[in-house]
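Naming follows writing order (A, B, C and D), and every chain is counted from residue 1.
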Amino acid sequence: MQTRALPYLLLLPSVILLGVLFLYPFVLVAWQAISDDAGQLTSAHFSEMLGHWKFNTAFKNTLYLTLAVVPIQMVLALYMASLVTGMKRGRDAFLYIWTIPLGISDLAAGIIWLSIFEQSGFLNSFLVTFGINEQPETFLGYQNKGTIFLAIALAEIWRATAIVLVILVAGMGLIPKEYQEAAEVFGASRWQRFTKVTLPLLKPSLQTALILRVILAFEVFAVVAALGGTNLPILMGEVYQWQFVLRDPNVAAAFALVILGISILCTLVIMWFLRTPKGATI
Amino acid sequence: MMKKTALAAALTLGTAVTGIQTANAEVLFWSTQAAPIEEAQAMREKVLSGFEGEVDFQPSETGPWITRIQAEATAGSGKIGLIGSLHGNMIDLSDNLADLSDIDTTGVNGTFLELGKLGTDQQKYIPWMQATYIMAANKKALEHLPEGADVMSLSYDELIAWAKNMADATGSPKFGFPAGPKGLKHRFFQGYLYPSYTNSMVTKFRSAEAEGAWNAFKDLWQYTNPGSTGFSFMQEQLLTEEVWVAFDHTARLADAFNQRPDDFIGFPAPAGPTGRGFMPVVVGVAIPNTAPDMDEAKALLAYMTKPETQIETLRATSFFPVVDVELPDDMPASVQLSGAAIAAMSGSDDANPGLLPVGLGDLGGKFNAVYVDAFERIVLGGQDVREVLDDQADSLRKIMEEANAPCWAPDAASDGACPVD
Amino acid sequence: MNVDGTSSAMRWTFRVSILVLCAWVLVPIYLLITNTLSSPEEVVSFPKKVWPSFNLESISFFINFAGVGQALWNSVLVACVTMVFSISAGAPAGYALSRFDFRGKSFYRVLILMTRAFPLPLLALPLAVLYIRIGLDDTILGLALLHTMLALPFAVLITYSLFSGIPVELEEAAWTLGCNRFQAFYKVIFPLVLPGLTASAIFAFVISWNEVFGAAVLTIEHRTLPAFLLQGLDQAPLHLKFAGGAVLVAPALLFIFLVRKYLFSMWGIANR
Amino acid sequence: MAEIKIKSVARRFGKVEALKSIDLTVADQEFLVLLGASGCGKTTLLRIVAGLETASEGEVWIGDERVDRLPPRDRKIAMVFQNYAVFPHLTVFENIAFGLRMAKLDQNTVDKRVKRTAELMHIDPLLERYSGQLSGGQRQRVAVARALAMEPEVLLMDEPLSNLDALLRMEMRAELKSVLAESKTTTIYVTHDQVEAMSMADRIAIMNKGEIVQASDAVDIYRNPSHRFVGSFIGNPPMNFLPAKPLEGSMWSVANLQLPGPAHPSNATDSQIEFAIRPEDLTVGDATTEGAMHVKVRVVEPLGSHLLASCLVDEQLFRVVLDSDHPITSGDSLYIKPMMDRIRWFDAKSEHVL
């Protein structure tokens, strides 16, 4: 069998697609970030970006948000996935419920969580109705950056854990029961079985889920805009700001390259940390 | 070769899937205004149905709106016949817009027409509709007015005192300001705060008077609902009563006025030491060079400025006409409430009307950012007023010099770039 | 002897966890529905009621809104074409990644992820220019191609881990029993990964369904539902905002509901 | 007529030589077992014959056809995999019928053949089950049935019994042998289990480090190992080896014995040869026995049918099989006499028999 050429043939459709629809426009945009109007290479746009007073804040906020959201999502999804595998009846129903947020766009999620946290929202209604608070609180006020951050993190965890869950559940389904049973025979507790058998065998799925989540977390925008207003600048928001409000596509492209850069970096780090040794697959 | 075949196949499929592309005589009206679907519906059914040709009204968010227009301009061909948006969005599209000088513009506000030239000698856009910032209050708030203050001729100091009274009385700040991501707060600083305190928008950006203006605003901010940084359309918070008194432009207050006309009043923006600064919001319509049917587009454009169309537009969008028209009596509550406020504002003794920035080209966005950044640093960030103003003044000066834009009202006319003292 | 899994404390933790997690997911959805089914006055009232008054004013506004049906149909078309494209381009790539070692493998893996790591709003401009020039502008196909690009990383990575979980011997056995590579894939591997493929199809569907920016730029007469509805949704009065959100969410939920069986009813691959 | 000819087949993985120029012919209807320790290349060779792997060089012929460029499906082979590779999404029936359907046989023939092979393998009651509902032994039967149903000219089996427990393995061994004898296919069977190999094979090819060191029938391999490795691998316990020093003529000194052996090589002093004998080819005498070797007993293992004594000669391990009732304990001295016709000599360097 022509094994040498075959993998490339299999990749061809996706590569053509990516080449035309992604690489071509990407190169054009990336060029904007590093060239001036006369077509000369320049670092001016990057200096302008780095020199802008919001850059550091936006960069940090994006990282913090990712750091706050993704690990919780991974743990939560793992927990949900193992609950599901431990279920005897009703698996389908619970899984369906837990994957509902999958179908909810970030715009819709923003609307939903704003209706909870805004001053006249459901949370305040609850607190006031039950006499816990006398006055509705302004959870999303500019001086409560912590609360805003928390609200955004909650909304993101709510919205995007389902992606991780689906990938992990599918991955767990592929782990043969025998391994669990073998470990049980050797006296491993439930927790040990999870950490010593399930987790290592789940590595490829964990890797996939983690990479996708981290990349998507760097691109979060709609939920932050809905809940944070202008209080929590993030990189993706700055891309919009420079592209459509400040009308400086060069600096917007520079911001986009920063997002791309940290995404690739994180991807490589995750790929390396969660690499599966050759031959250690199921 | 291979690619070509694939492309041909793709095109065929595209045709198959979409059932494509009859050469349509419809004019595609691509607009950022009247985007909420109930407004869009009114535009289609009430405003545009009177046009003898076919119109396809497609509202869009600013991002896709700009992207699409730029794409068509770059590609050199397009579907869009007519574009409609805020003055600020038109500025850097200037090169792609057809000259509209041959359109009959009798009756259209001359100042706005001048704005529509975008600093060129061609008519780049024709004014379509206008709004202005006014204030709105829940009637419950009126009892907290400081003594002796007349709501129809309020000063900034009285507004601050009023906001304080409300906060003290209710336990939570009841003044609201649209400082959210889509709020148009830069226009407040440019057209209201600065003119009212410095009688200038650019020249006295870092003056002592400006410092006073910012300090006054900081005072007001103490009694401003802290959620304001998330507010973009004050009608929502007025309706939920998260705020009782708010500042926003007429179209963004309309929903509150219309839903509960008896609960709200509209009144003029406050006055400062140098008068009652205010500024219009102008929405224009223009035709891109790539319009498929230029004549039909121009016919539609002319239709848009007809008095009857303008009145229907007002009903649909709560934006006011740019031509002189007699408004009928059966206008919605929002028109009556905000109309009264606008009349009181422009008719007041201390009225100090300003103009939208002109001649900035594609630096308009950055010009606005100077004011917004100053706000975020001074008011939200708590940074030192003097330092921030000095810092932002440098950026402002650079922008004015790069654009080489002369001063506009209320700044006195200048030779060459408008100076920042 | 450790009797984990059967002790009543464990069982209770198990049950309570499940219920709490269900509530965590469902309560926000419920609140959206409550707001959708409330009258405009109730939506802005405070404190809010937890039980809706089943006022259908807002929702019927959307359902009767001219063009919604067409937009819905466009959305479904685009999402389905996206599903087919992303699986047909993604699954072979996932298969190649799982079965072969070849030069450029890591590069490819990073490349497909880049499409998700670069802000679409910036890519939209050059893409739209390209589309206008080659005639893909304002077509279902063109938008579906863009959405395929967005869904591709999911399709490739999910199928990659699926194929990695299928023992090579099953395929080899099929070869020795008279299959060529394609037949072996189609008759043996494909049925085994079908549930997982459904998962990546769902991703494709949902990604396409919820994508707004590209749809708003690249379609005009063939607007998808989000591009059609979401324009100005945040300027719309509150009650319409919620109803719009619900109208958008409902079909996606229905779709997931319909295919949920395939999503999770894995074959007993455990015995190998 | 399906003779398998393997000509100079080599396989390299990078710099590692997994197979070094293998030549092997398997006669029509012959049952050949590839025997060797894990990692010796036997599975690689089998997979090359199957077409699942490509040889770096060399030719593979099945019948009159050169097949090494053909895909597996065109080689008229069937294969049984070590982990059975029973398709989990198909019933037992469909598993067995899989290849038949690929060959586009009509439903009648398919039914008939599936039924026949299922009966042959005693799995006819399981036809509607899925692989998940089968035990390991049953799955193994399905795998074999699936291969046999193809009525292949060549049957390749990769350690098909290694995942079964000892008792089941013995049962399946006998059963497989009779089934295969009847089916008249040419079979290559890979295993690391010498008992399995000897009990089933017409001929055994013993592999070591990517080479076939000896290919012959079971008795010949046991009696006449052509290579030191064969002697040390075959037999339980395997052969004893002791160094031999050259004496005059063709006499050799082994421990305290002087034995006639092969003629001295030209450079006799340097070259060393080894004396080899199977533990059961020794007779026990006493201190007075002429030509007996003196060994010290270290461990005695009573194995029922016999005793196995591990002894030391000149600090070298030397195993002796004794009668079960032989009175002996560790520490005893033992005088043993090799049966002269069973002594083998190996070149210590080339490891070939002399």
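The rule is short, and it goes like this: contacts are C-beta pairs under 8 Å (C-beta built on N, C-alpha and C of every residue); 3 or more make two chains touch, one makes a residue touch a chain.
Since this is a predicted model, take the numbers as computed values, not measurements.
Engineer: Go through A-B and A-C and name the pair with more C-beta contacts between its chains.
Structural biologist: Pair with the higher count of C-beta contacts: A-C.
Engineer: Compared with chain C, which chain's mean CA position is the farthest off?
Structural biologist: D
Engineer: Can you work out the whole-Å distance between the CA centroids of chain A and chain B?
Structural biologist: Each chain's C-alpha centroid was found; their separation is 35 Å.
Engineer: Could you please state the distance in Å, as a whole number, between where the Cα atoms of chain A are centred and where those of chain C are centred?
Structural biologist: Chain centroid spacing, chain A to chain C, equals 15 Å.
Engineer: Please compute the C-alpha centroid of chain B, do the same for chain D, then give the distance between them in whole Å.
Structural biologist: 89
Engineer: So the centre of each chain is just the mean of its C-alpha atoms; given that, what is the distance between chain C and chain D in Å?
Structural biologist: 55
Engineer: Spell out, as numbers or ranges, the residues of chain A touching 2 or more other chains.
Structural biologist: In chain A, the residues touching two or more other chains are 1, 3, 120, 136, 240, 243-244.
Engineer: Can you list the chain C residues in contact with two or more other chains?
Structural biologist: 44-46, 121, 125, 145, 181, 230, 233-234, 269-272
Engineer: For chain B, what residues touch not just one other chain but two or more?
Structural biologist: Those would be 63, 240-241.
Engineer: So in the complex, the part of chain C that touches chain B is made up of which residues?
Structural biologist: 40, 44-46, 61-62, 65-66, 77, 81, 121, 124-125, 128-129, 131-142, 145, 213, 216-217, 220-223, 227, 229-238, 240, 244
Engineer: List the residues on chain A that touch chain C in their complex, please.
Structural biologist: 1, 3, 6-8, 10-11, 13-15, 17-18, 20-22, 24-26, 28-29, 79-80, 83, 86-87, 91-92, 94-108, 111-113, 115-116, 120-122, 124-126, 128-129, 136, 158, 163, 166-167, 169-171, 173-178, 189-190, 204-205, 208, 211-212, 215-216, 218-219, 226, 236, 239-240, 243-244, 249, 252-253, 256, 259-260, 263-264, 267-268, 271, 281-282
Engineer: Within the complex, which stretch of chain D touches chain C?
Structural biologist: Answer in residue numbers: 50-52, 71-73, 77-79, 81-83, 85, 87-89, 98-99, 102-103, 130-132, 134, 139, 146-147, 150, 156.
Engineer: What part of chain B is in contact with chain C in the complex they form?
Structural biologist: Chain B reaches chain C through residues 7, 10-11, 13-15, 17-18, 20, 28, 34-41, 44, 56, 58-61, 63-64, 67-68, 70-72, 74-75, 77-79, 182, 232-233, 235-236, 239-241, 252, 255, 259.
Engineer: Which positions of chain A touch chain B when the two form their complex?
Structural biologist: Touching chain B from chain A are residues 16, 53, 114, 118-120, 134-136, 138, 140-144, 225, 227-231, 237, 240, 243-248.
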